[in-house]
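Chains: A, B, C and D, in written order; residue numbering restarts at 1 for each.
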Amino acid sequence: MIKVSIIGATGYTGSELLRYLIPHQEVELAHLTSRSHVNTEVDVYYPFLKGSIDKQFTELEPEKLFNDSDVVFICLPHGHSMELAAAASAYDVKVIDLGADFRLKNIDVYEQTYKVEQAAPNLLKDFVYGLPEKYRADIKTAKYIANPGCFVTSALLGLLPAVNNALVDEQSIIIDSKTGVSGAGRSASVDKLLAELMSNFKAYNPLGHRHIPEIEQELNSSSENAVQVQFTPHLIPTERGIFSTIYATVKDGVTETDIIESYQQAYQDEPFVQILNEGELPQMKHVAGTNNCQIAVQLDERTNRLIVLSIIDNLGKGAAGQAVQNMNIMFGLPEKSGLNTIAMMP
Amino acid sequence: MIKVSIIGATGYTGSELLRYLIPHQEVELAHLTSRSHVNTEVDVYYPFLKGSIDKQFTELEPEKLFNDSDVVFICLPHGHSMELAAAASAYDVKVIDLGADFRLKNIDVYEQTYKVEQAAPNLLKDFVYGLPEKYRADIKTAKYIANPGCFVTSALLGLLPAVNNALVDEQSIIIDSKTGVSGAGRSASVDKLLAELMSNFKAYNPLGHRHIPEIEQELNSSSENAVQVQFTPHLIPTERGIFSTIYATVKDGVTETDIIESYQQAYQDEPFVQILNEGELPQMKHVAGTNNCQIAVQLDERTNRLIVLSIIDNLGKGAAGQAVQNMNIMFGLPEKSGLNTIAMMP
Amino acid sequence: MIKVSIIGATGYTGSELLRYLIPHQEVELAHLTSRSHVNTEVDVYYPFLKGSIDKQFTELEPEKLFNDSDVVFICLPHGHSMELAAAASAYDVKVIDLGADFRLKNIDVYEQTYKVEQAAPNLLKDFVYGLPEKYRADIKTAKYIANPGCFVTSALLGLLPAVNNALVDEQSIIIDSKTGVSGAGRSASVDKLLAELMSNFKAYNPLGHRHIPEIEQELNSSSENAVQVQFTPHLIPTERGIFSTIYATVKDGVTETDIIESYQQAYQDEPFVQILNEGELPQMKHVAGTNNCQIAVQLDERTNRLIVLSIIDNLGKGAAGQAVQNMNIMFGLPEKSGLNTIAMMP
Amino acid sequence: MIKVSIIGATGYTGSELLRYLIPHQEVELAHLTSRSHVNTEVDVYYPFLKGSIDKQFTELEPEKLFNDSDVVFICLPHGHSMELAAAASAYDVKVIDLGADFRLKNIDVYEQTYKVEQAAPNLLKDFVYGLPEKYRADIKTAKYIANPGCFVTSALLGLLPAVNNALVDEQSIIIDSKTGVSGAGRSASVDKLLAELMSNFKAYNPLGHRHIPEIEQELNSSSENAVQVQFTPHLIPTERGIFSTIYATVKDGVTETDIIESYQQAYQDEPFVQILNEGELPQMKHVAGTNNCQIAVQLDERTNRLIVLSIIDNLGKGAAGQAVQNMNIMFGLPEKSGLNTIAMMP
């Protein structure tokens, strides 16, 4: 049994990790830390876990926690993982950081984007970017994983085959993403109230979302030519899910067959990425509560643009699900262990 | 033109008053006060009012405000109206309080229910309970109006004809109410987030909601026998509306005809209450955004119970709409002035 | 491995059965029948099952199906199970009927309620009513199960301890139920469109819902005194879930301790029923996608009424989940096999 | 008083017209036709109109209807307006067609797009395209109006100033639109059920939506260079509203000031178009139930792209509201007559 702890277990990514980890047959929960709910029964705080768990939230005691755990998931706001990751280096424990602190390899870009100092720069090289579809081999042997951002995951899975194979103009990429509101976290604010959001729809940060440098970093490392993306996130009045509509101009001579074969080859052995058949269009709810990504690929011959529709659950493949997938890979387990949930329809 | 001010204009009842008052052809807005947004343009704070209003929120200066206004709507949490109402007594200004401070005639009951002292007990006798269907004559000449609670309005309109005419066992009344979430106000809290409430449903305060004494006060003042009610409010995952399902055992000898005639007579001249035809059932959205109340009345001969379905908009007939209706009555205007909005379907 | 078939697999109960049965480690799917989608790939019809299933819908061939199956779930509208159940009697196959044809023991009541003839009256005695909390012992050895109605399940689990122990006036029971819209099935109709239902709320069949005789049958068989219930179902603008608010007058001398102990004893060994702690209130979403039932019990000393809040997923404990629980019991499996899903929050 | 009739009054555009026309002080309703609900009381079919209307639906009798009306709104599926428009030519009646039959000036394009014959080609020149912001002068004297498509209106209002002033590369335009579900009409189908759409999001017709030629027709007639657009519509799980996110590459030398001034000048006298201030972002619900269009304009200097966010209500400025605005212009009324509704927030 793998002993697992979660640092910061009272947010949405923390609870989603529990939803995947509790039924996981190779996992034993060690510590679930919380600053504000120490000693509270987990199933009192999360009544939907009644009957599934018998533990309390505990205070974060790093030494004890690292000693008692084989792997630690860090679910803290950016800026809070660096010190913990540094502390973990002295222990025989793997770390999967669901925050943003170690995703950006360029320290200047990180500091400008997140407005905090990179306090553990020497650890950056030890962190593997946790997108199994690109870095599976490195993940297998990693001690540290930087789990990708939610929008980033949907964008990369939708674009990597096209960029990798130089099928599209690298400067023409536009990613129009829509997400359920859990991506904004569980803190109270007026603009996240049901009364404000329901029957509503809006964009946020249309020019400067923090996921832009992360998307560009990973596309550039897969491309010979420089990639620049336009990215606009929007809020759907629902709980979870990401739907990315991606546009890119196809290079001269590239055919629809080239495109479809690139996507099929890229993902043919992937357990969680499904390329839809011609004529099928993805629906966001079809992957809710799962680690799946469903992708439709179309060439618009009229405009010569590639249109990719890429859907994930922001808390699943966009956060907790992908983190558990990374854990499975790191510990040599079948990748679907604990991740064979099926979406709820209706 | 009637000069109108709103004290506390940045909450949901404040904005709903604006929605009714801006197109009201007999109304001119004087002061719209706010503690936290002084000098902010109203249409910057409320972008849905762009093109409809050109004013700023102002600080509350009671003397200036009372001098400049013919009528003042107070939209403050309970406990904050008493001092203001007392101050207004020296001015030629009418006051419509949308809070709870002057609804309960019994000071002990008020203080136990709301956990604050009744600081203006001598004003209580001057406040008319603002339910036009019961107190229209008094409202016409009132200086002070205590605007009824939202659940209370839906319950009273659904029950008064039956209780008035002693058609039902006064101890058997059960009111199972469901409301949209705007009734809980615009303050930020985790339990009002869309991510928490959507696809969800729950009861709150099933035994001790503050509207119980208000419902019983008004039913008792219309009944020879003592009335006691069971009242359970629930939260619907939507923005607005109240749907009350009311159960009461019918007294011996009372027929369905007795019941239906009582309701039809009670409301035949009411501009905002509609008794549905036999076989019709109300839908909450049919009154959203309006001052209407739609009521279906049925006798279940199998169980000998009266079932009343009574729907209003909690912000309309349950708050701002009814307040404007009261204003119209107080100033001798046609009651529908400014209140002829039609619900949005779909 | 238990060979399982589903007759009528393209409705909501059919797809929910697949959601539970596909990951069930003791189950192998035999036939999934459909009238309208014969030979269609299941994961083309249900794209949310992509990656989880590799089968086609087939035409219903009873002889072949009964020979190939250890158990058959029938998911057909009422009136269509009787002939099939009769045909199954000649085969070594168990039958779990999710429809209403064999729930009502009284033939006259069935025929009046459902307006069809009971065409297999001699089978009625062989059908066990599939509520494990009441009939577990009989279910173990049954060949035929009549799976309970969804509203009925939430009402019975909320009332059986009180009625069984004669704690409440048997004529005073009022059940005010609210359900998500999947309970109305997957057929197309204007009144189930999102544009009609969203932000809306309504009652339906307030006096004559078909689940009333089923509730009364099962309460009466657990009570010495005659039970009569008032039952009003309502539609919540969401996909799934049932929230029943139940009122009953407590008999003289019954204390809150009596009540709580009755409920705790009744369900202490039940794997899917959870009595909430004092002060906890259930939220419908906390059981969505699961076979759980959460119940809060309160005595209102002011009115001397018992208030029970009972929540289930109409497709889970109200249909497919309970059907799988019955299958597990019939085949001697642990009751939680395939049913350890955790609700999605948010 | 203007005598107004509606042909096809039982769909969503028909009911929305009633919501605007009933309180319109210059309008008197003549005939409201329906094929399926002849002689039904309008407020029985539309209970949300109870207390607002006292009329019945009637059969369509063209001669009588054209004689009795000053203006007729046609709310029929495409293909059904041509014969009616031809018949109206003999009468002194104006016609506003909310369908698509006369929007496309090129007959071949119309017939390929809508798969029906243009049966009244000689009337095409008499139809004015009913976008007041472009064709107000022509609308004033028109007998026939082709009311624009809903997506088209949001796209054109978001793009016309940029295209008119040649600020953007005419081949680079991408319109990513999201709409509430009422745009798909009121007919029953499984894919429009609440249980299928809620918590969901999807694209439809990503390459071939019928509004593409209409958008291109109107942009080309405002541009010296050929315009080609990419257009992808998506479905938001809510009742109404359109949110278009528009991308276009800015031409060399064009500055942010050029852009903002173009938009401000274009709409400075428009009663229903509001350009948001720098830093403000539109929210779809802020125009629900109104004839307003709110637009935010931003230049992304990093990518050299113009990002326009353009919101309308698909049933308001996208259909019935714009139709009433056209009527007001045709009859010399103030444009805001009957259109001064304020959106509901929350």
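In this section, a contact is a pair of C-beta atoms (placed from the backbone, for glycine too) under 8 Å apart; a residue touches a chain by one contact, two chains touch by 3 or more.
Quick caveat, the model's predicted, so the values are computed rather than measured.
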For chain A and chain B, chains touching each: C, D
Most distant chain from chain C by Cα centroid: D
Contact-richer chain pair (by C-beta pairs counted) among C-D and B-C: B-C
Chain centre separation (chain A, chain C; CA means) in Å: 37
Where chain B and chain C are represented by their mean Cα positions, the distance between them in whole Å: 39
CA centroid of chain C to CA centroid of chain D, Å: 46
For chain B, residues contacting two or more additional chains: 12, 180, 182, 186, 193, 195-196, 198-199, 237-240, 282-283, 285, 288, 345-346
Chain C partner contacts - residues on chain B that touch it in the complex: 174, 176, 178, 180, 193, 195-196, 198-204, 206-207, 228, 230, 232, 234, 236-241, 243, 245, 247, 281-285, 288, 298, 300, 302-303, 305, 307, 309, 345-346
Chain B contact footprint on chain D (complex, rising order): 12, 15, 18-19, 22-23, 44, 46-52, 182, 186, 198-199, 239-240, 271-272, 274, 276-277, 280, 282-283, 285-289, 292, 294, 340-346
Chain C to chain D touching residues, read off their complex: 12, 180-182, 186-190, 192-199, 237-240
